[in-house]
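Look at the two complexes coming up: chain A is in both, with chain B in one and chain C in the other.
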Partner chain A sequence: MAQGVDLILVLAMLLNFLVLGSSRLRACIRAVAFQGVLLSILPLLLHQGGLAVHMVALSAGMLALKGFLFPWLLLRTLRDGSMRAEIEPLIGFTASLLVGAIATIVAFLLSSRLPSLPSMTSSLLVPAAMATLLISLVVLVSRTKALTQVLGYLMLENGIFLFGLTLVQSMPLLVELGVLLDLFAGVFIMGIVIYHISREFDHIDTYHLTTLKD
Partner chain B sequence: MLLGVVLVPLVGAGMAFLLRSNRLRMALLIGVAVLHLALVISCWYQQPTSLLGGWLAVDALGRIFLTLVSVLFVCAALYAIGYLRHEAQRSNRTFVGCLLGFLATMSLVTLSQHLGLLWVAVEGTTLASAPLIYFHHNQRSLEATWKYLLICSVGIALALLGTFFVALAGSDHGGGQLSLVVSELIRHAGRLHLPWLKGGFLFFLVGYGTKMGLAPFHTWLPDAHSEAPSPASALLSGALLNCAFLGILRLFQVCLAAGLASFVQELLVAFGLLSLFVAAVFIVGQSDYKRMLAYSSVEHMGILSLGVGLGGAGAYGAMLHAVNHSLTKALLFFVAGNILLAHGTKIAAEVRGVLHRLPVSGALLLGGFFAITGAPPFGLFLSEFTILNAAVNQGHMVVAVVYLALLAVVFLGMGAIVLPMAQGQPVPRTTGSSHAGGESGLLVGAPLVLLVAVLVLGLYVPPGLKEALTHAAQLVGGVP
Partner chain C sequence: MSVIHLLWSLGLVMVFPPLLLGVIHKTKAMLTGRIGAPVLQPYYDLWKLLQKGAVYSRTTSWVFRAGPLVSLAALLTAALFLPLSAPSTLLSFWGDAVLLAYLVGVARFITVLAALDTGSSFEGMGASREVTFASLAEPALLVALAVIAKVTGSLQLSDMFGPGLVLAWHEAGPALALAAASLFLVLLAENARIPVDDPTTHLELTMIHEVMVLDHGGPDFAFILYGSALKLFLFGVLLVRLLVPVHIGVLWLDLGVVVAGLLGLAVAIGVVESSMARLRLIRVPQLLVTSGVLAAVGLLLVWR
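Moving on, here comes the complex of A and B:
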């Protein structure tokens, strides 16, 4: 069981690098979706003492949203908006990977210095959460396409979810479902806005969203 | 009763999407707004029972903010009738539906006692209000909507991380776990793990501070508040910012009980002064009058943060200031809407002679300007003075001097923009405007009522309100 958890966490961290290093928007969407699928298995593995309805519902919700609905929505937006599927980052791909590596090291250092945590199945959980959080911020800042920013937001959400797994026993179901619902509505509205951006501006590069300033 | 406060607007929102006629939808908007206000007023006379095991309850703090939301919503609904008549010929389905959804989520924020539910509600307000900002369907509003959605969503995601930190602070590693209900956290404050709680507060401050418009996380605010149609701007500035502040205050209560008073208070004072400074810098020489009002909101959120951070009498001042600011800012956004309808431009330099062309709106603009900058005898003078007094009495002379100096800069900066707009010679119309001239009662009625209210609050605070504000201030470290 513990090995399975570690394997999933390592894979999730590797997917961070795939998002940083890939120039194809489609590949990035799929990578984030796969990360979502992996994470949705974790609550079941981490939960001690049998399968609770609570955990199954949460996993199923995560799997449906992050694994299937979101990538489908984003890929459809990409196709309908007839936008170019290459990413032009502000920071080059090699540099991004380097920043990602540094972020991962920082995450491991940070999590060894954190104040005491509840006992956990895997010692990789908090470093993986931190690394995903930090790399998602890199993606949010350095990628200028509106669609990649949504991907960054989803990665941020994944990182926070990983962190929340340290509390897997105690978060009420209602709150978890509320979070998922908000996430769903958020990505849905973002998809609509991106569609409008691509029609109004003929591109989804937020680099050009600079009319409003002081 | 509490459930009604949330469900009535929610059901109304659902109905708005089903109804077919614009006229019916406007009637629905008014009906729900009035019913909501009636429910909220009844909460003042009879303490409603808490629901869901204490997750939903109304306390002194929540009641003040809930009442503000409800009162402003009625004003905005009435104003929206007059405003949309000039502004839009198309369907108002999304606008009315989202406005009602916005009311439901804001009500939920004020009633949530559980930090997780609070988070869900705050994120809900972002999603319900984003389509309101995109009302005009042009490039500028699109840009504002995108910034609002993304920056606020990322900010609020960090607040979720903060919520997890607080949950960790309340777990004793042996399987025991405090629930995230504020009153329970306060009761067991001694058992909380302080480093995690501190981290949690920092993330709350960054997360909900983004939504509240505290500098340096305010970058989305001027865009969103200036591009949204005026009834929505009034709600965003007057009601939503308070709700986000309430999110910070909930954890602030817990930190006070856990003995972290000096840590959290210093943070609030620092962010308050920084917001005041940034707002003052951007207000001076601002060319767009709606942006100027948006930056003024950043300024006043700074003052709220400063007041609560000072504690003591400052907390009471901050509560009074929240009431005054909401009423005044809504009034000013309504007036700005009238000016925009008549002149068809948001550039302050192209608007001259409002007093001449729109006498009532012009007078309201001047009144609102003096009120918002804290000139006597308006309510904001009283609340800003209370906060200044608290700073001086506690010996924070540097804070007091900086605060006063920045208020003076804002006064001069806004005066240089607003006074020429109100007076001066009307310029001949260059841009086409949809407004046939004249001011309908609906367009000036709501702001007029608000101005009278702010004036009355400056001269006389009713004992009932004073008592409620004192109770609320006591929850956040105020002493009477």
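Moving on, here comes the complex of A and C:
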């Protein structure tokens, strides 16, 4: 069980690097979706003592939203918005990978300073959560397309979810469902907004949105 | 270690490497629907080249002639440290893992010097590329070795790839898997295989390793070919021993497992080469940094 959890967390951390290193938007969307699918398995593995109904519901909801609905929405936006499926980052790919490595190291250092909770089942949980959070911030800052910003938010939520798992026994279902719902609404609205931006302006580069015009 | 054991291991190191190239070529040929050269073709090539005389340019010095010899000597020495049937190796001392990495470095260094010695700008370009990529591949290799050293608690190749590794796979499986993935990428880069370099091309803009040895001919080129096969063997043995850390105790079976693993690896390389295009030169450092990052994350996992 612990082996499986560790494996999933390591895979999730590697997917962070895939998002940082890939130049294909499509591959990034799939990577974040796969990360969501992996994380949705975790509550079931981490929950000790029988399967509670609300944990199964949470996993199923997360799997459906992050694994299927969000990627489908984003891929549809990508297709309909007729945008270039390539990422043009402010920081180069090699540099982003190095920044990602540094972020992961920082995450491990930080989490070694934190007091460990007795309910924590895997020692990788907190470092993985922090690494995902930090790398999602890097993605948010260094990628200028509106779509990649959505991806950054999704990764951020994955990181927050991992943090929530440290308290998996007592995590209130309502809170997590609320977050998922917010996220769903957010991605849905952003999908529509991006679509309209690209209809209006021929591009979805947020870099150009910083200058005001009449 | 008995004499028979020694002779078999030595024989494997000396005779087996070119077969790997043959298997890779055969795999690629079969996947692309050709019959391809015989599996033993590299041996025929080596024999043919050894029969020939060498031509040396007047602008070259002794460095050019020393290049293939020193390079082959360094790689052969490195091969003696290989954990073919760990825990017993031909040569062994504490810290030989570092020596192995740097003997490969010595081989590269002298090849680069020989390439620069020709005075051809073309070979200088190849040398520059080789060194650029090596500067990224070498840290990845060392960090990957460090992961194995950390989990097995030893810097000696015979212990690192010895019986302790089986236990280590249970304790730190993900970290070792990352190290293996990193080693595989380093293997592709160091041996000028496809995502990094195309060993069959003679298109000047894309060559890396091949361009450095253009001026060598005859026996010198045979040494270089044999050396590159040996280098593939070297990294292949490390990867195979890492992935299949079995230790049966019977010499035949142990060597057989390594040979079978290496043949499997050669087929895997052939499949990678047939299914992928060569990366753009500018993307190669990214691949190598990825390999370094994989190994570094692995090291983080075991070092906490």
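We take it that the second predicted complex is superposed on the first by the 209 of 214 C-alpha atoms of A that agree within 3 Å, B and C clash if a C-alpha of one lies under 4 Å from a C-alpha of the other, contacts with A are read in each partner's own complex, and residues count from 1 in each chain.
Methods note: a contact is a pair of C-beta atoms (placed from the backbone, for glycine too) under 8 Å apart; a residue touches a chain by one contact, two chains touch by 3 or more.
Bear in mind the structure is a predicted one, so any value in this text is a computation, not a measurement.
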Fit-or-clash call for chain B and chain C when the two complexes are aligned on chain A: fit
Which superposed partner A:G164 touches (first chain B, second chain C, both, neither): first
First, second, both or neither for A:H196, with chain B first and chain C second: first
Chain B versus chain C as contact partner of A:T94, first or second or both or neither: second
After the two structures are overlaid on chain A, angle v-u-w for chain B, chain A, chain C in degrees (C-alpha centres, nearest 10): 150
Contacts of A:T104 with chain B and chain C, given as first, second, both or neither: second
Chain B versus chain C as contact partner of A:D80, first or second or both or neither: neither
Touching partner for A:L156 - first (chain B), second (chain C), both, neither: first
First, second, both or neither for A:G186, with chain B first and chain C second: first
Which of chain B and chain C A:V10 touches, first, second, both or neither: second
Shortest CA-CA distance in Å separating chain B from chain C in the superposed model: 22
Contacts on chain A seen with chain B and repeated with chain C across the two complexes: none
Parts of chain A lying in touch with chain C, wherever the complex brings them together: 3, 6-7, 10, 13-14, 17, 21, 93-94, 97-98, 100-101, 104-105, 108, 112, 123-124, 127
For the chain A and chain B complex, residues of the former touching the latter: 115-119, 133, 140, 146, 149-150, 153, 156-157, 160, 163-164, 166-167, 169-172, 174-175, 178-179, 181-182, 185-186, 189-190, 193, 196-197, 200-201, 206, 209, 211-212, 214
Sites on chain B touched by chain A in the complex: 114, 116-117, 119-120, 123-124, 126-127, 130-131, 134, 137-140, 142-147, 149-150, 153-154, 157, 160-161, 164, 167-168, 171, 173, 175, 177, 179, 193, 195-196, 222-223, 226-227, 282, 286, 291
In the complex, chain C residues that touch chain A: 173-174, 178, 285-286, 289-290, 292-294, 296-297, 300-301, 304
